[in-house]
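Everything below concerns the one structure shown next.
Naming follows writing order (A, B, C and D), and every chain is counted from residue 1.
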Amino acid sequence: MDHLALASGGSAAVTGDVAVLGAGMHPWGKWGRGFTEYGVAAAREALADAGLDWTRVTLVCGAQTVRGGYPGHVAGAAFARALGWQGARVSSSYAACASGAQAVNTARAHILAGMADVALVVGADAAPKGFFAPAGGERADDPDWLRFRILGATNPAYFALYARRRMAVHGDTAEDFALVKVKNAAAGAANPCARYRRAVTADEVAASPVVADPLRLLDICATSDGAAALVLSSMEFARRHTAHPVWITAVSTVTPRFPQTVLELPDFATDSAAGTDPAAGTGKDGAGTVRTGAVQAGRDHAGTVHAGTEPDRAGFRASIAAAAYEEAGAGPEDLDLAEVYDLSTALELQWYEDIGLCPPGDAARLLREGATGLGGRIPVNPSGGLASFGEAVPAQAIAQVCEAVRQLRGQAGDRQIEGARVALTANQGLFGHGSSVVVVR
Amino acid sequence: MGRARTPVVAGWFTEEPERPEDFRLLGTRCADCSAVFFPREDDFCRNPACCGTRLLEVPLSPRGRVWSFTDGRYRPPAPYVSDPAREWEPYTLVAVELAAERMVVLGQAVPGITVADLAVGMEVEVVPGVLNEDDERVWTTWHWRPVGARP
Amino acid sequence: MDHLALASGGSAAVTGDVAVLGAGMHPWGKWGRGFTEYGVAAAREALADAGLDWTRVTLVCGAQTVRGGYPGHVAGAAFARALGWQGARVSSSYAACASGAQAVNTARAHILAGMADVALVVGADAAPKGFFAPAGGERADDPDWLRFRILGATNPAYFALYARRRMAVHGDTAEDFALVKVKNAAAGAANPCARYRRAVTADEVAASPVVADPLRLLDICATSDGAAALVLSSMEFARRHTAHPVWITAVSTVTPRFPQTVLELPDFATDSAAGTDPAAGTGKDGAGTVRTGAVQAGRDHAGTVHAGTEPDRAGFRASIAAAAYEEAGAGPEDLDLAEVYDLSTALELQWYEDIGLCPPGDAARLLREGATGLGGRIPVNPSGGLASFGEAVPAQAIAQVCEAVRQLRGQAGDRQIEGARVALTANQGLFGHGSSVVVVR
Amino acid sequence: MGRARTPVVAGWFTEEPERPEDFRLLGTRCADCSAVFFPREDDFCRNPACCGTRLLEVPLSPRGRVWSFTDGRYRPPAPYVSDPAREWEPYTLVAVELAAERMVVLGQAVPGITVADLAVGMEVEVVPGVLNEDDERVWTTWHWRPVGARP
């Protein structure tokens, strides 16, 4: 896997594992309560699952919501206070959609450093209805504000650009995208924590209104209230405490590499690849060597366009997973399941390729074969994914790990993947954030 | 008339081109490593191997090819400006790959161009446009227009 | 020191030190630029100070501003992008005034865990003029919003409550408070990074308008633009890289303990101490034993009031420093200097007691003796403190460490404390946050 | 009349006391551990040693002693409501220690009470008050008043 090399600078060598002793969730939905209540409910469930008292926790890591005024009431402290101040260390992480995994990673670092033995990780949100929108005010220096002001470019607009690009480059179809929704809705129907718990047909997707061509309402994830929590501990503590822990063996929190050649939220443009040699990886040869490779675009008989000077895929998302694989000492062939961020149906397909389940362009084929459905060779989003949950940003990356834990423990009920031993989660957020977690038993 | 034509953001494009065809997006180029930035970086070069701080304004290529495109079928939230009393008219967004700069730049398509008029790989050019108007100002922006399309 | 025991649950045993290889700052002021530019300037200075190239950094830890829309543009990523994406891990911390120290601690945890060898910590802000105010909107579940809506209680209002309480309980006077300003202004005049660089007289303080009785404008810190950055590394890396590193031996990030009996920002009330026994520390005996100890208030001949059921001081601030001392294996007697959060002049006095420089109530005496001035026995805020800087929230706790580093290296110019070997920093923010860092050479 | 008297926040104090002297701040008490909370907690007990979820409304003591006090000489920012056209009138803030609950509760003093009228240790009582009025509503709140001061 040549993209493994991309991440070697940013990730560390394997340094140790941490145990997951407990997982808890507050069901996703629109409940009309505050995020703290959801978070406390999830935390209490995770603690009960771990069989540990709250006062045993020595570190609370919160993933922040961007809502709720004073930055998410500062999530870590809000949860620690609501559970009852007991003197534990606290931290609050923000990294857009990767916030939850960053909170997991902060807990992991403390545990591996010997600075905490039992850590509670919590993410919760109470999301508004409709498009995510920037806070009020005039901020000409804020790219997120500017993209709304100048372009009206919502999050689904970016998802749609990626979807259309896949259609042009790889020949994906709207029917492929709908099939992702059908698959994830079927899994979500078996998940008591999901917000949407009924089967969806391809006809229903096709009948839903277009939001951003080519994506329809049922191609795009909703925004939800929800919470997820994990209790993590050191190996030593876990071995004393339980016979069969589940382990986190990697958390990737790498950033992109310049030039970043894929258009990312909330940017107006990619970096320029002129003047640097992307093959060198780090841009260290950028001393004036402007390359002016012409854009070549051609259309083959199937309407597939082979366009562009840069390979679409040697990008950031692939490097996120590559760093996780490297840290875990594992590869895509080892996976029994994956939870990936299906902000749109089309993005789930992109992830198949970025986490190495198939070569670039083959994702739709993998999907059509049924390989990524429950009962398939490598189920993706057995939880039902964002399609069934809707996004509760700071909770989502933690919820991905919760699903991994339940699958690896054999507690996933009707969506259980038999004998699952290795799971990978992956997501990407605004501003160069992404994360990937590897969970094993 | 009388309302000032004001760029929605300062310094990102030619404000008063002598001829429409002189309109350009404006980026900056690092004097040390030649890296080009859009939106402009004016203080620090973002090439990780470069410590440059001299960034010179440079016009971007006026033409490129469609990397991807979409539209907005629902009214975007503020700060996008639209008249809530009027029915929402979808706009089209185009991501355009510039050959010389080897970068993709996003923008709205000129009004009237829909997704049905576009294809990945199609050649487009940058033209001056109007984003919205209020009592005091005409807020100007850049638009992408298929080469050969009627202005 | 009996308060050491308070922190033992929340802090870990001594687990190792990390080196400070570089420190950098952007001068505080009102410059009218974006926070990212300040942060990059500070980061580049810190990297130059360390003699390390940016591409050598494997972890970027940002302290978030609450301003700038999309949470501070997500600080860690904003700095990593502006310095040039190079794949490093990233994190962004938020903990109100303690954000900077939390970013330091996240870097430390990664380093001690072996997950990073060279980490860059950056905090920067571009603060609005006037009172800090909550973001727009209606948020009846946000205590920070509510305190403005219902009480109009600004931050200085809380500082003033503490100041008045000290006057009543300990006999502090407005002249004592003014003397803190005089002292810190004298130090700040010798600091090229300070915003205010001129001597201030007690008469000037007394002539400045009352903002919140008993505090005057010159008793209260301003809001500023500014940035600070540190380059941290493992012991191994530092020993290869430099002959004389400075070490961070403790970072306290503990939370309060229930019941929290001192009124904190942005709260409407303390916790109730009825039903729990504060002496037990953890409230574990809280099973229905409501105690109804009567409030006793009496006034002695000097007008000093001895009031209240709880000792004012066995509180959160003291536990912050106690955890740092415990982790560092040091005590107040070991300090050569301290940087504490003088949000108001009166609060600096409070800190003298909370970090153990003197018994409760003796702070003004210590000040009047000149012990805490430059040339005194234990200089406090030799940088000039917030009095000379003004608050740039996410940068401030990092700037405190920068001052410690410069003092310990003998690079503090006219404000140099001869032979300084041990420094402590301390601060406290909203929502149960506080931090304390111990730096040694 | 006609404008509805509306609590600035719901459930924190007696809304329509039969007699003014029945006005109380309202907290909650955990049915499991008796911990008292103000502002009210309705879902989860915040005693770290308690997992209680039954929290019952309880009135707080009507009287307490001044723990500290201050005033606001400058207009606070929104969401505090004040008329920018009128000269700013300082208000007084009082932190009051309640004996039975062993807690300190903040509030504004009744209008007319200044810092000169207060001292740490002085006995005060809670009374209904008006925070601000707009075209539709009279927003009500709680105030602290020195015992014996004229209403």
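Just so it is clear, a contact is a pair of C-beta atoms (placed from the backbone, for glycine too) under 8 Å apart; a residue touches a chain by one contact, two chains touch by 3 or more.
Chain by chain, the UniProt names read as follows: B, D = Benzoylsuccinyl-CoA thiolase.
The shown structure was predicted, so the numbers you read here are calculated from the model rather than taken from an experiment.
> Would you mind checking the shortest number of contact hops between chain A and chain D (Benzoylsuccinyl-CoA thiolase)?
1
> On a CA-centroid basis, which chain has its centre farthest from chain C's?
Measuring from the centre of chain C, the most distant chain centre belongs to B.
> When the C-alpha atoms of chain A and chain B (Benzoylsuccinyl-CoA thiolase) are each averaged to a single point, how far apart are the two points in Å?
30
> Roughly how far is chain B (Benzoylsuccinyl-CoA thiolase) from chain D (Benzoylsuccinyl-CoA thiolase), going centre to centre by Cα mean, in whole Å?
The separation of the two C-alpha centroids amounts to 54 Å.
> With chain centres taken as the means of their Cα atoms, state the distance from chain B (Benzoylsuccinyl-CoA thiolase) to chain C in Å.
Here the centre of chain C sits 44 Å away from the centre of chain B (Benzoylsuccinyl-CoA thiolase).
> Would you mind listing the residues of chain D (Benzoylsuccinyl-CoA thiolase) that make contact with two or more other chains?
Correct list: 46-50.
> Can you tell me which residues of chain A touch two or more of the remaining chains?
Counting only residues that touch two or more other chains, chain A contributes 55, 81, 84-86, 134, 136, 143, 145, 257-258, 271, 282-284.
> Identify every two-chain combination in which the chains touch.
A-B, A-C, A-D, B-C, C-D
> Provide the residue numbers of chain B (Benzoylsuccinyl-CoA thiolase) that touch chain C in the complex, in ascending order.
Residues 43-51.
> Sort out for me which residues of chain A touch chain B (Benzoylsuccinyl-CoA thiolase) in the complex.
Interface residues on chain A, with respect to chain B (Benzoylsuccinyl-CoA thiolase): 130-131, 133-134, 136, 138, 140, 143, 145-146, 148-154, 157, 160-165, 168-169, 209-215, 257-259, 261, 263, 267-276, 282-295, 297-299, 305, 307-310.
> Which residues of chain A touch chain D (Benzoylsuccinyl-CoA thiolase) in the complex?
Chain A reaches chain D (Benzoylsuccinyl-CoA thiolase) through residues 33, 37, 40, 44, 54-55, 81-86.
> Give every residue of chain D (Benzoylsuccinyl-CoA thiolase) touching chain C within the complex, in rising order.
Going by the criterion above, the answer is residues 8-10, 30, 32-39, 46-50, 64-65, 67-74, 76-82, 91, 93, 95, 97-108, 115, 119-121, 131, 141.
> Could you please specify the touching residues of chain C with respect to chain A in the complex?
Contacts found on chain C: 6-7, 9-13, 15-16, 34, 55, 58, 60, 64, 66, 68-74, 76-78, 80-81, 84-96, 102, 105-106, 108-117, 134-137, 139, 141-145, 253-258, 260, 266, 271, 282-284, 319, 430-433.
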